[in-house]
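Pasting the structures here.
Heads up, the next two complexes both have chain A, just with different partners, chain B and then chain C.
Then we have the complex of A and B:
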């Protein structure tokens, strides 16, 4: 293949990664921003979404589209419920203390991972995509499903932005993020906001996982890469900045795609890590983050 | 006449350190009560305890008969108390309009309340779309008061509203406090400087070491300012 089309293919692959990464990282950023909780188990909630997508599509059977739509609706709800339970039973009990929540979510990581290993097993299992359309470009054919992932992610990001900036729920979340004490003095039940945000963050990860699982299979260890990349994205983009999260996800995803295709995946990871180091040195608040008040 | 707010025997702690020692306080209906005292005397803690932001370990807080003690912090404002914290604590990244909306949401007040508040602070109307962090100090203080008034409170708690403002702004804030008194809002005003409050306060409580040492009518204080020297240290 000539260089031009080869590059286009690499960019498209990168954009698919970016699309999934942006949703996952947005969930992490939301939890980190509003609750000041570093959710180390975020990747496992992603994995849980993928495993549940397999379970749901397998149990429904029939037309893959029906199973997939069911998974897209049910898996995030179940993952959200799991996160809600974890928030009430664990994070709330340690009073959202920053250090204690890191330790607690590390524990959560292993619990979810081992439960998945016990009940789902160590195999990687495929989920059929809802449709099989190949978009034929002049140089190569490309999966229509992959393009639909990009579209779905873009749509969800726009919805998230509208919710954060235009709705009462968004206003409440932003107020809690900015100053929880003053928020309480204006009748905002910070405790319930936290529960909702933690569940919402987990649901975003689960949606991302359901979208990606037809291309990458469900496996009980699949949560580690998304966790690492999400942290990279949140650090580069800046805490609590939706725009920063999207820009950083595209940056990391596309560069990962291009460098992986032309050089090696290891080099891509090295460059991403170097980028994080540079951001931390020269712009610790992230590209779009604001300096702490 | 029933008192607007009664605090009795309040003990509050920050960790193991006791900040309030059996503090008693009575706010009469429609008056401006000023809390005077040195830094660290417990004035701000008293306001935070009333708002439920610092838990009361002993004692009680009653709003015209309703017991507020032990309510979760977000339920307290819904009973009709609004708080203007020290340093204003605006949601600086949000616009003026959004800050007001947060105030209005507290007790589900609507347009009418917003209009009344904006009539009191017409300056804010021109700045509704502006990010509140970019307002001048005086404008920010007005917004902090406006946000609190969007709660339509019976009781207003003001923590050093004139701190760091230029004299013309201080005058405007004082006028606003007097205007609120005319409307029947009962106010607790925390200040460090006595000259800032003589023209607006009805009574003054002197706070020292987490206790209310003495409460004086403003006329008594004018006639004999020695209490100021005793509890605040400066005339």
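Then we have the complex of A and C:
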């Protein structure tokens, strides 16, 4: 294959990865930014979204588009409810203590993963995409659905940005992130903000999972990679920075696509990890993060 | 035991550290003692214990579930027919998480804690390679059902045996002439980037060359990969046939993306069914595989010429004509591999009977008895077909099936002979000390 089409394919693949990664990492970044909680179970909430998408689409049946839209609406809500319960029953009980929450969310990771194994099983199960269009380019064919993921993710990111910067809810979240105690002194119900943010973070992961599941199947171990990549993105982009998360996701996704197509996937992972190390050494707050106060 | 009374009746004597320690030791030995007593009786009446290293979780979990069903079915038949050497057989299962490190721990646990007679049943090559040194150190026979070439290669040790399923090198060697004659002369290989994939990478090219075909590209894919389109540009345009061996949950994605990439004018496909074990071939997204060919150890779908032994085996394990569970049509089996569990258990039975196996002190005799076996006739104990066993490399050889996927089912179109797959042995375990 000639260089031009080869590069086009690499960039397309990279953008699909970026699109899903940006949403997942945004959830992680939001939770850390506002609550200072490192949610190790984030990948499992992603997996839960995918597994629920399978359950919802198979129970509805009929036209795949209807099932998919139902999954896109219902799966994030259920995952959000699970996260809310976890926040109330676990994170609040350990008082959001940074060390304790890491251990608690590791526990949560295993609980969710093993419950999925018990009730969903060890198989990878497919979910039909809402539409099946093969875009036939002169050099190769490409899935139309994959392109729509990029668009959907961009739309959701714009909405998130509008919510964070233009609404009262966003203002409250930003205030809590900026200074928890002062926010509380000004009458912001920090406790409820925490619960809401944790659920919101989980819902973003679930939406990303529903979007990706028609191209990668639901499997109970699928949460590991997104967790790792989300951490990389969040560290590079700066914790709690929406702009940083998106830029880092595109950077990691596209470079992963291009490097794995032209060289090897292992090299792509090595470079991403090296990038994390460099960022941690030279700009510990991340590319767009503010220095910790 | 004598101090026990004193320990519990502390009020009379007053507690010193020494008496307390003595008491603890005594209580400890008291707890252990019944186990020893039972153990010494075990040789005559207690069951023979087989430790089953099972992939209950992790990437091999679908295989593990069916290996377990097959094992239970075979053990039930063996026990109903009087067991082994007049003793019942008991299966002790430990989950290895399809993880090499955990696998070695499990072998240790079988030998030291459960005190099983042997260890059996592992499939994934990483677990086998990780566990084999422990089995060798603890001198516990380790019967794997893994199909990797690692046993036959001589890389493991004398305690590791594979008497129930043909290894990958032999499988690949026996199907290569068919690929060259029927699918195409220029082959691109896509395989997972670890031990199992390397067996294919190393042994297909020479076999194809002998048959007058060549490998034009080899694409190794990391086992955790979830998206494949980015690898497809590496497939040379001149490719006649793509030879694919993918394992793990991402195979559906692989096929779907291959279909999107090539549309209707791509190369032919030849795959190892390993990619689709436990997956319904009629799953959405797999349409692209229609008309392609697969290697199968034992056929998933019931064939017109199935022997009575094969029919009885399928009924005992509980799979229907489509190779799915008789109780759940969506639960597709790993039929191409799991017959190996059944056959391995019958080989163990034969070797235990030949050696007059009584207990762990006879483990060396059991290894020697297994090595002395040479042939297994087709029949209820070996439903997949006749086998030839090479005691020097601890490896069995059987015939292989090539099936075509058509009309929503796999139909066997070619059966290789045992000779097709045989190669010059590279090792001799019998020279190692026991």
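Going forward, the second predicted complex is superposed on the first by the 292 of 293 C-alpha atoms of A that agree within 3 Å, B and C clash if a C-alpha of one lies under 4 Å from a C-alpha of the other, contacts with A are read in each partner's own complex, and residues count from 1 in each chain.
The rule is short, and it goes like this: contacts are C-beta pairs under 8 Å (C-beta built on N, C-alpha and C of every residue); 3 or more make two chains touch, one makes a residue touch a chain.
Computed from a predicted model, the values in this text were never measured in an experiment.
Enquirer: May I ask you to decide whether A:6 touches chain B, chain C, both, or neither, giving the answer as first, second, both or neither?
Expert: In the superposition, A:6 contacts chain C only.
Enquirer: Let me test your reading of the model: by the given contact rule, A:117 touches which partner, first (chain B), second (chain C), both or neither?
Expert: Second partner only, chain C.
Enquirer: Kindly classify A:161 by the partners it touches after superposition: chain B alone (first), chain C alone (second), both, or neither?
Expert: After superposition on chain A, A:161 lies in contact with neither partner.
Enquirer: Per the contact definition in the header, classify A:128: touching chain B only (first), chain C only (second), both, or neither.
Expert: Once the two structures are laid over each other on A, A:128 reaches chain C alone.
Enquirer: Does the superposition put A:186 against chain B (first), chain C (second), both, or neither?
Expert: Touch partner of A:186: chain B, not chain C.
Enquirer: According to the contact criterion defined above, which of chain B and chain C contacts more residues of chain A?
Expert: Counted on chain A, the partner with more touching residues turns out to be C.
Enquirer: Do any residues of chain A touch both chain B and chain C, and if so, which are they?
Expert: Shared contact residues on chain A (touching chain B in one complex, chain C in the other): none at all.
Enquirer: Under the definition above, what is the set of chain C residues touching chain A in their complex?
Expert: 57-59, 61-62, 64-65, 221-222, 224-227, 229-233, 237, 248-253, 256-257, 260-263, 278-279, 283-285
Enquirer: Can you name the residues of chain A that touch chain B in the complex?
Expert: Going through chain A, the ones touching chain B are 168, 171-172, 174-175, 178-179, 181-191, 290, 293.
Enquirer: Would you pull the chain A residues touching chain C in the complex into a rising list?
Expert: Checking each residue of chain A against chain C gives 1, 5-6, 9-10, 13, 16-17, 117, 121-124, 126, 128, 134, 136, 140-143, 215-217, 219, 221-222, 224-225, 257, 260-261, 265-266.
Enquirer: Would you mind writing out the residues of chain B in touch with chain A in their complex?
Expert: 51-53, 72-78, 82-83, 85, 89, 91-94, 98, 101-103, 105-107, 147, 151
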